[in-house]
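Heads up, there are several structures right after this.
Two complexes come next, and they have one chain in common, chain A, joined by chain B in the first and chain C in the second.
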Partner chain A sequence: MRRTTIYVCAILAAASIFASACSDQLYLENAATPLALGMDLDKNDKFHFYGTVPVFSKNIKKKSQEIAGTAESLRQSRSFQDAQTAGTIQGRNYQVILLGRRLLQQEDWFAMLDVLFRDARNTITDRMIAVDGQVKDVIYLNPPDQPLMPILLRGMVDTKTKRSETYSTTAQELHRQFFDKGVTPYIAEIKITNKQVQLKGSALLNAKGKYAMSLNAQETVLLSILQKQADPGFSMSYRIPGKPLKGPFETDMLSFTGGKLKTKIKSGYENGRFTFDIHIKTKIGLSEHLFPVNVAQDAKKLEKQASALMEKQIEGLIQKMQKHRLDPIGLGVYARAKQYKQYIKVEEDWPEAFSHAVVNIKVELSIAAMGPVK
Partner chain B sequence: MIHAENEMDKPEQEDGILFNLDENLKIVRNLFSESPDLFIRTFTIKQTQEQAALLFIDGLSDQQAINNDVLRPLQVHTEDGKPGDELMMTVGHIIEESRWSQIEISLLHGSSVLLVDGRDKAYALGTGGWPQRAIEDPQMEASLKGAHQGFVETSGQNIAMIRRYIPNRELKMRRLIVGRRGQTNVTLLYLADVMNPELLRSMEERIQKIDVDVILNTGELSELIEDNPYSLFPQFVLTERPDSAASQILQGRCVVVVDRSPSVLVAPVSFYSFFQSIDDYSTRWSIATFLRLLRLFAFITAAFLPAFFIAVTSFHIEIIPLKLLLTLGESRGQVPFPPFVEAILMEITLEMLREAGVRLPAPVGQTVGIVGGIVLGQAVVQAGLISNVMVIVVAFTAISSFILPNYDMVAAVRLIRFILMILASLFGFVGIIIGLMTMIAHLLTLKSLGMPYGNPLAPVRFSDWKDTIVRAPLWLLNKRPTSTLAKQDTTQSNDKPEEGKP
Partner chain C sequence: MINTEKNSITSMQFIFIISGIQISVAVLSLPRKLAEAAGTDGLLALPLGYLLNLLCGYIIIMVMRKSSEKSLYDTLSKTMGAWVAKGFSLLLAFYFLHLMYDGLVRAILIVKTWLMPNTQGYVLMILLLFPAYKIALGGPRILGRYAELVTVISCWLPFVYLFTLKYAHWLNLLPLFKDGFLPVLTAVKATIYPSLGIIAVFILYPYLQKKEKAVSALVISNSITMSVYIFITTICFIYYSPHESTVFNDPIISILKTIEFRFIERIEIPFISFYLFVFSLVWIPCMYIASFCISQVFGLSDHRFPLRALVIVLAIGTFFYLPTYNQSDKIELWLARFGFCIEYILPSLLLVYLTLYKRFHRRAAS
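And now, the complex of A and B:
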């Protein structure tokens, strides 16, 4: 009797397992997995989406298929996206999300990305990239001598981030930057020049997500230094004033490689303004100087000159950011931690408060290596 | 066996041997009717002038011994004697029997039986000599540095081989007889001052409870005395290596030698015993540790890799790294089957190839390898029936399962693989995890001769870890494993060898 019950139970269990299974089964080859998502506005401010879907076939030469269309929102457009491919569109493998300049010039575009966070199947580790121009141009570029566009862009952003020359801001990180009131968002920026994708550096957005300004590679490195994100090995170049120019070459160039950084940030509050003392200290290795100099003797002098140039550039950068009401450094986080009473009063509009803040920069470079040649 | 004994114990009139030779022979012919391989040789013993008959079964007894050591001394005239004298025979092993049932067994086991007119007892002469195989390298458990002797089909020789490793009088044996018809000699070997008596008694009781016609193989015995015969996992180690068997005895386990079977049974064992090989102790401890970890890894891949592949390609495409996604997509894109069908097809083909290779003679077996390698590895991919990534997965699985040193464990892994593949195709990772948890739970409840199968990881026995997953240097292995509940737990007291000075 007992044995029969066990058998019946086992058969029932097996049957129910086979009958139920998981409903969301989706074979790899049946899924269309767009690797890039593009979002842009056209001249009439109509929302456009773009996608690049890899094509899994040996017989088809073109390795990717582009999809595009207009829509009210991303999820609403899904059936329209599906209609353009053989498989079903899955947002699980996005590598990059491209944001057109015209879209970024609007405020509050971030809400459009809601589906990425709300549908947990979608990835949130995709890199956010601003396009200086139209997203359409990037998606349909398909250069024959480059890998698939999403792979190219991802590689570009990832490797340059290691050198602190851009930011590999993921959708999740961007989400944090939007919701942290003490910091404004920053993402990577690319541009099409001569039918080639080029990495420009980074784009800074204001607290509402509107594009504010762009930074080139060296400025991005400086911003990374201020954010304490710069890894050893970043490279900087300055023209040392007072060095002779020979011929068409700019022989007053000095390039150095930074070592491990010690950035100290002290915050304060005086006379109704926040104050920040930023002290940057690092050892550098000279990687190039086109003018003759006896480093062994004149090291101190050179160090001072380079420090002053770097200080000046950082100060200029901070002034620009204050003008645009930006705080990508996240100084608001320091203010919140140390000057909470003052900060909480201005929390809702921290970038405005930061624009009146006093920021003192001190850079201390010391030459540790001058290269194996004299 | 118990039944047989009971029958023998009954004092039956017909069972006893009579004084009259002719009547006795009549009884014999009656007992062994239609047995043309029973030979009866009648003659007169020169020594005592008595009529006698020698019975033996052709092929089971040694003709030389019968001719030279029995018939010749009895028929050559020596000194005169009178009837009833001790007979002159140059045989070492003589037992006097007075019951037909005993004589029957002796005859059938290869002894020759001498019946003498006027005596109510017979002499069972140890002239057994049946077809035997030479001692060869063990086939299933080849070793690089271990001995190259494997067990053979005669339990006497097998026991002798074990005794060569443990020449100690504490090595005791219990002889049991299993099978109503087979009357198989089953010998329990153990170290009397080490082996836990409770475990020994449990083993003996289990063997005594067996009531079958015949046991042909150790595998049959093992299935009849296992703790959980429904489990996929083997609960006793079967080995054909005398050195492994001796090493297990020394660790406080018992070994069951079954006559006519070339493998012996070791109990109690744990899950990790199946990942150990005798070579682990003859190679350097660091490499032995590495190999043990490698085997555990191989176990996991052999069981889980195809399931993992199915789950990833049919549920969780988001976890595939980008570059792999492109290659995988390209190779999967041309395949007409869903991943599960593809995987099952290849795995079944692999199992078929393996089974075909086992049965075929060596020269033909190579052809199977070529057919499998070229036809399935290459042609199937080129025809676009199977993706090349699947071929890699199957090949990797096969290699992983070959690494495991124990055949029974490999067999278990093969079945588990299929179960996990089905679960993965139905539920993805959730299914694999359910399978894994069920397997772990099952392993934890499993027992081998009443001792926990998960020893020493569950229950945790830290002192045993030195010789399970890792193999610590020999001078640290001074204690016997606690999992055998040995009476005497110290085996040695070695210190680290000193650095030599000239």
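And now, the complex of A and C:
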């Protein structure tokens, strides 16, 4: 009796499973997996989407296919995207998302990315990259001597992030930065010069996502230091004032490599303004100095000069950010943790409150190594 | 009626069954609920909930110690009459059915959202019911072994979450008690639903080998549950920004999407599939306990027939109707209320009654 029931159940289950359980299967031949997604606005502020789909075939020389079109939103455009490829478009493998300059000049564009978070099968570790120019130019560039555009960009952003020269901000990380009221978003930025993609550094967005300013590689390193995100091995160069110039070469250049950083941030509140004391301490190794210097004797002097230059550059950076109402450092998070009573009053408009804050910077570099040459 | 010798469970198995019922699907949404109630201070509500659970667990064990007969059912029918005992069993059966259905529906909805959106709910239900039926049929000892097995094979799960520490923002947790003590107290309410399941002691206690160790076993199981909850909630709160924690329905799964390995993309897929083992720790024991209680109500010799009926009704029922996400949330809300009455209030009343009855009875006897 018992055995028969089990058999009956097993047959019933097998039948039902084979009949319909595999409705989620997908053959690779029937799938088109774009590796890059581009979003931009044209001259009339109409929304455009772009995609790069890799082509797997021996007989086709070009390894990727580009799709493009206008749409109201990303998911609404899916049928139109599907119509351009042999398979169905799957959003499961995006590597990078490119954002055009014109799109970034609008506020609240982030809502367009809702489908990434709402459709559970989409990836959310795509690197967000701002394009200084039009996304169209990047997507259709296809240089013959470089890997597929999405792979190139992904590699470019990821490796330079290790050197703190840009940010590999993922879609999820950007989501966090938008939702955290004590920080403003920052993403990587690229530009096309002479038909080559170049990494510019990073783009800072305001609290609503509108493009505010760009940072070059060295400024991005400084920002990473302030964010306590910089890994040892970052490189900086300064022109030491008062050193002689010889010929066309800038022989007053000093470059050094940073070691492990100790960044301390103290927050306070005085006379209606937030105050932040930032103390940066690290050991550096000299990697080049084009002027003669006796490191054994003049190390202290050189340390002071380099520290002062770095301090000055950071102060300039912070002033620029305050002018643009930006707080990519996330000092708001410190204010929330330590000065909650004051912070909660200005939470809704923290960048404004930050623009009035007093930020004191102190940099303390000490030379630990001068390299194998004296 | 109960063969406790053949089916006895060790303290270890007892611990894992109780923790399993508690953690299961409830852990998924816990950080969001805590954040909704008290922001990042919700974390502080967990230790308070823990103390509450310890108290309630102690009361339940005291009730079992006071009941001189083999099982609570026998004690109740002796002290209050057969019909009251039957009513009590029916109530427990309803409660565990509720708990089981909630767990099953949640698991199916999660699989449907994350893994197989185009597959029919009843297919998933049938697939889940097969192993569940086989295990629940075996009785407490098999349940205990299954719980042990699942605990052993899934103890690596928390370590994967450590990969998110790379993006940790510890400052998110500060300041503590940012809006005073009241929000923390309201957040304790959110810890009730994930703590439900201690009442299974009423059924499992007679099978326990070393009854004198029951209290310490219950303390250990509650400690395991709470440390898992504190760990997971901390991970979520330091990863997501404070206003973001409330945006994700199941932050525990969403956070997995952000972990990247070189060899595998989208690790949430194998993870959710593996999580089904953990989820199953709620519906399999509950299935057994519910059918066991029903067999007591009807005076059947064992739980096989109710179990079969239950499985068939579930399979056929899901073909016609599967709750949506919103309805499942409602089920959960009702379960939290129902559970509060059953797990926190009912045992205290029973304890008072049994104490008074004993005192009265002794006086009458002497």
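Observations, loosely collected:
Operating definition for what follows: the second predicted complex is superposed on the first by the 370 of 374 C-alpha atoms of A that agree within 3 Å, B and C clash if a C-alpha of one lies under 4 Å from a C-alpha of the other, contacts with A are read in each partner's own complex, and residues count from 1 in each chain.
Convention: a contact is a pair of C-beta atoms (placed from the backbone, for glycine too) under 8 Å apart; a residue touches a chain by one contact, two chains touch by 3 or more.
Small disclaimer: the values here were computed from a predicted structure and weren't measured.
After overlaying the two complexes on the shared chain, residue contacts for A:T5 are found with chain C alone; chain B is out of touch. Contacts of A:H175 after superposition on the shared chain: chain C is touched, whereas chain B is not.
By the touch criterion stated above, A:F56 is placed in contact with chain B alone, chain C being left untouched.
In the superposition on chain A, A:K338 makes contact with chain C only, while chain B stays out of contact range.
Considering which of chain B and chain C touches more of chain A, the answer is C. With both structures placed on the common chain, the touch criterion links A:L35 to chain B but leaves chain C unconnected.
By the document's definition of touching, both partners, chain B and chain C, reach A:T123. Once the two complexes are overlaid on the shared chain, A:N93 sits against chain B and chain C alike.
Using the contact criterion defined above for the overlaid structures, shared-chain residue A:Y27 touches chain B, although it does not reach chain C. Residues 17, 21, 24, 92-93, 121, 123 of chain A lie at the contact with chain B in one complex and at the contact with chain C in the other. Residue ranges on chain A touching chain B, taken from their complex, read 17-18, 21-22, 24-29, 31, 33, 35, 54, 56-58, 90, 92-93, 95, 121, 123, 148, 150-151, 154. Across the complex, chain A is touched by residues 312-315, 317-318, 320, 322-323, 325-326, 328-330, 332-335, 338-339, 426-428, 430-431 of chain B. Contacts from chain C toward chain A in the complex involve residues 113-120, 122-123, 126-127, 130, 167, 169, 171-172, 174-175, 178, 239-244, 247, 257-258, 260, 265-266, 308. Within the complex, the chain A residues that touch chain C are 5, 9, 12-13, 16-17, 20-21, 23-24, 92-93, 120-121, 123-125, 170, 172-173, 175-177, 179-183, 330, 333-334, 336-338, 340, 344.
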